[in-house]
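I have placed the structure first, in the form of structure tokens, so that the comments after it can refer back to it.
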Amino acid sequence: MPANGVPTKITQGSGTKGGIGESTLRPDGTLKVTGEFAYSSDMWHEDMLWGQILRSTVAHAEIVSIDTAEALALPGVYAVMTYDDLPTEVKHYGLEIQDTPVLAHGKVRHHGEPVAIVAADHPETARRAAAKIKVEYRELPVITDEKSALGPDAVLVHEHRDDHHIGHVDHPNIVHRQPIVRGDAAAAAARADVIVKGEYTFGMQDQAFLGPESGLAVPEEDGGVHLYIATQWLHSDLRQIAPVLGLPERKVRMTLSGVGGAFGGREDLSMQIHACLLALRTGKPVKIVYNRFESFFGHVHRHPAKLYYEHGATRDGKLTHVRCRIVLDGGAYASASPAVVGNASSLSIGPYVVDDVDIEAIALYTNNPPCGAMRGFGAVQACFAYEAQMDKLAKELGLDPVEFRQRNAMEQGTIMPTGQPVDSPAPVAELLRRVKAMPLPPERQWESSEGADVRQLPGGLSNTTHGEGVVRGIGYAVGIKNVGFSEGFDDYSTARVRMEVIAGEPVATVHTAMAEVGQGGVTVHAQIARSELGVAQVTIHPADTQVGSAGSTSASRQTYVTGGAVKNACELVRERVLDIGRRKFGSYHPAWATAELLLEGGKVVTDGGEVLADLVDVLEDEAVELEEEWRHRPTEAFDLRTGQGNGHVQYSFAAHRAVVEVDTELGLVKVIELACAQDVGKALNPLSVVGQIQGGTTQGLGVAVMEEIIVDPKTAKVRNPSFTDYLIPTILDTPTIPVDVLELADEHAPYGLRGIGEAPTLSSTPAVLAAIRNATGLELNRTPVRPEHLTGTA
Amino acid sequence: MRVNFTVNGRPQEADDVWEGESLLYVLRERLGLPGSKNACEQGECGSCTVRLDGVPVCSCLVAAGQAEGRDVVTVEGLADHARQRSRGGSEGVPLDAAKGWAAKGGTDSQAGEGIELAPIQQAFIDAGAVQCGFCTPGLLVASDELLEHNPNPSDADIREALSGNLCRCTGYEKIMDAVRLAAARQSEGV
Amino acid sequence: MDFLRPASWEEALAAKAEHPTAVPIAGGTDVMVEINFDHRRPEYLLDLNRVGDLYEWETGEDSVRLGASVPYSTIMEQLRAELPGLALASHTVASPQIRNRGGVGGNLGTASPAGDAHPALLAAGAEVEVASAARGTRMIPIDDFYTGVKRNALKPDELIRAVHVKKADGPQQYSKVGTRNAMVIAVCAFGLALHPETRTVRTGIGSAAPTPVRAKAAEEFLDAALAEGGFWDNGKIITPSVAKQFADLCAAACNPIDDVRGTASYRRHAVGVMARRTLTWTWESYRGARHTEGAA
């Protein structure tokens, strides 16, 4: 079947080396391989202090008293602060709902909530001081699930809600609710030949970025503070920090330091305000670095979810309807829960054509750890469930699972459950065809002349099988993710681009506030500037708040939105440069006035390739600089009753085929291969694109077979906050990941590109689960799947 | 307490070291060598891997006092280490192997242009094995040691040797590519 | 906190005698985690890295005297023939970096039921050589060494000098279940050693009881079944019913708990599977060796 769409065509800059479409190397690569790249935890300042946070040891309690006297008396301690020491009336923060206390006041709502902060001259002194703070708690019953949250006599996690969602939720322990009703699901169900139902559980996943939360706050002479920080969005941090400090935003300077991964976990604040408070209190620079234990409490996690699905289909393999209910556990504070609900509901049926749906998604307030953004953001949980449903239906219908998906695959023009038409390529069937067409890895590859190589078997180095009990399974999945901030959010970015001659060469400088978290945005910005401005030399200015907001490095949006802003700014700079050229040289050659002019190889050329002038001569000692905001097409809010609305700007699709080998007796899994096909619109940097897809795929693998934060349902306390017991895949758990990249242009997006970072995280998990089901014949309605689930010993 | 040891060929002295401090902390906070990374501090990620008397270890699990009188190589010293190894011609690395592999100083380099890199460092850049880069120093030290004693590792050998180094960004595929690339360049150099 | 740096074994014993609360640190792979995470603030750290004797091993007639600090990577590489079970167990320890630092002394000192070396030591047969400045050296049979959860038979003034592990007189195997294919703490582990010289079988189970344990009833059953069937002599394939009974008895020897790493029920099940598989592997190897000898 032909793919629906056309490849991208680009003219300006296509002749410039190192421009878009090439796998140029990272500008920060050398610094990163020599150890010189300064991550937030590497910051150091003369005379600096170390900050330490005292966190609650219980999940839900009234704070009866806090006694800091002994801690303050410890030599080397410079400050101890509690809620009572906060300098202004603003004592809460939050991405959308300001419900999170900077320091706990009167009550703690989850295990590990910050209660007090300390600054001291050595981290050990700070730890000893924190340990000397006496906090008396009176414990309260814990809310841990839907039943305890919504019961008639349920304790309210937040007693005095006044946010904009309280009006449309049925219970104050529901953060947000988004139904979507389209068509007539009941009538359609009556037409179905086959109906399958399922209840699914998605465990709490951690972003587990390797660089722990950290930063350095330096007090400044004007009474302000300069924060060097690892974050996903400088300006969002700034908006939340400044009011708590009682400072105007201009007095809180923020510079992005090296970011050791993010994956959504740095969308919310962690130690930012605490470090600033201590720096302003002591007049000294304060550094805070979480250790791995604290990191598990220091950021939000992926929402665990219960998902209830009913799918119907006719005998010929056409979906009739979907009814589903998705219950996300938001934990103690709202974080990004409302937006996660919007995604979970609007993407709940997957990349399929279904006219009749009845959907509901809610997020709960509980006393579990707060949950918010993580790569895939609401779409991940849904994909796990709807793809399991699709396999169940295919089995009931006696159809091949890939064939069944293709029969129902959406395409350009399909109407989403929200009523929004999909207005760019949606090659869902093609992606499935491509992963299926890839050659399969050889059978029994662990066998060698010297016997079994355990490294290639389930259990790996642990030597649990030499082939006994090992069964191969194959599974497929496909997913849909929105790109960019949705539901009417004013999603924009800002770029400042400067062009001048330095040392006899034209040089472009790109300055944005985009958080480079590893994704390679800085590489792409340089490529865009080269393509648009025809220069070889591009300097990427460090990201800070001296330029306008770039929005968040999340939602697969940065190459689209900040890339778009850089492209737009470059185009405007190019026009100004050409104007200068026309002014200076226009009289010498008629083409200045008549031809389409391009900048290439440091020269002004006509579209016919004729050189008109060197950029060096055009610019001389003049610099062209401008800063411009750039927006993608606006979106709309979803109707709160029907869920109708053009809520998303772009969709992103990936499909996976998983090949696993399962030791069926011990319940151990080795993923042998995870093939991925993804439409990226336009690969601005093919090497980085493949790296993103492989990384996202592996995070999906992790939550399929090992990753889960385990919360005790009786106490709401986290039981495994360490890398000893929260396991992420090692190189021996990760298979080869062949990637097939499709480039079908989205005509609405810069260069036709499509946001790519999240889609591979969606379909990887259900593909692995499908493969394990295929190998074992088990139903497996939860993820991660653990050995006890495969051996009947849970 | 005071601790004396050699780091990247240079004698170093750290004063007022708290007895519970790790070698990692001393390197990062006292000696100005933050290249070794503090990702887990429990020996479960390998980001802090250094060579201690030649052997790759997690520096977070070495008490600072245990480094007394010993020889440490960190990522900051990897290029020198590789250069000396190639001069000495020891352990399977060909003479002058490192020479042609200096940093290209590509046009988009923000800094560090012209720095001579160890072959494994260059391979990590070229293969796209670096994303956020937090795991990179530890992986480089571990990979370099692997290629020192096993110049032609199989894929399974590479995976086993790097199984103590977590990476959260790449899915490891480009890291495999980088080690294969470094090994191939190394053998071409023979 | 004080950092004690004895330069010799005698100095180490003297330091431990003077400061019985001192925490010995060798590979640091347990102690430093506790210090880094503020779980432990010992008054004294007793560094054993400079005690060279602890890094040496001697192969005797019947056993290997394995210094407490000989790294797991060395055991894997250099003692595979003499101590195959322990070498296999060593290969499952954490990561290459940890195997380069950690040694059996640390596993014994910590005495966590999850320590990877224990099942191999129990199965091979071993004695722990401990010493104090006051009373000199004593040998503790491995069966008497583990006294409770993370407790051992060591006196406060004693240090572990070495472990004397019986040299293999037959095939040995070791399996460990973890929820990851590398760098994982045991959900449970199983060691098995055939001892053709005494016509006995010994086992070791890790992480499935408060201490590492042997499955003695299983061993006795198998010893009797092998003797009765003349298996040691005729080298026949072990009948599936015997293997199953052995596996069931091994599972029954467990007294596991539910925790974040696995359920009690799974641990019992997995120990049974590992017992059956390791018996098959070792027995096949024994038969193969007999066959080769016969042919030669």
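Details
Think of it as A, B and C in the order they're written, each chain with its own count starting at 1.
Simple rule for what comes next: a contact is a pair of C-beta atoms (placed from the backbone, for glycine too) under 8 Å apart; a residue touches a chain by one contact, two chains touch by 3 or more.
Protein names from UniProt, one per chain: A = Xanthine dehydrogenase; B = (2Fe-2S)-binding protein; C = Dehydrogenase.
Bear in mind the structure is a predicted one, so any value in this text is a computation, not a measurement.
When you average the Cα atoms of each chain and compare centres, the chain farthest from chain A (Xanthine dehydrogenase) turns out to be C.
Taking A-B and A-C together, the chain pair joined by more C-beta contacts is A-B. Averaged C-alpha coordinates give centres for chain B ((2Fe-2S)-binding protein) and chain C (Dehydrogenase) that are 32 Å from one another.
In terms of their C-alpha centroids, the spacing between chain A (Xanthine dehydrogenase) and chain B ((2Fe-2S)-binding protein) amounts to 29 Å.
Rounded to a whole number, the gap between the C-alpha centres of chain A (Xanthine dehydrogenase) and chain C (Dehydrogenase) is 44 angstrom. Residues of chain C (Dehydrogenase) found to touch two or more other chains are 36-37, 181-183. Within chain B ((2Fe-2S)-binding protein), residues 18, 20, 41-42, 44, 160, 163-165 each touch two or more of the remaining chains. Those residues of chain A (Xanthine dehydrogenase) in touch with two or more other chains are numbered 291, 455, 460-461, 722, 724, 730-732. Residues 127, 131, 291, 293, 455, 458-466, 468-469, 665-668, 670, 705-706, 710, 719-720, 722, 724-725, 727, 729-733, 786-788, 791, 793-794 of chain A (Xanthine dehydrogenase) touch chain C (Dehydrogenase) in their complex. Chain C (Dehydrogenase) meets chain A (Xanthine dehydrogenase) in the complex at residues 36-38, 88, 91-92, 173-185, 187, 260-263, 265-266, 268-270, 273-274, 277, 280-281.
Contacts from chain C (Dehydrogenase) toward chain B ((2Fe-2S)-binding protein) in the complex involve residues 1-3, 5, 25, 27-29, 31-33, 35-37, 41, 45, 47, 49, 94-98, 100-101, 181-183. Taken together, the chain A (Xanthine dehydrogenase) residues at the contact with chain B ((2Fe-2S)-binding protein) in this complex read 17-18, 23-39, 41-42, 44, 122, 124, 207-212, 258-263, 289, 291-292, 453, 455-456, 460-461, 517-520, 522-523, 526-527, 536-540, 687-688, 690-691, 694-699, 722-724, 728, 730-732, 734, 736-737. Of all residues in chain B ((2Fe-2S)-binding protein), those touching chain C (Dehydrogenase) in their complex are 1, 18-20, 22, 41-44, 46, 49, 55-58, 60-63, 65-66, 68, 142, 160-161, 163-165.
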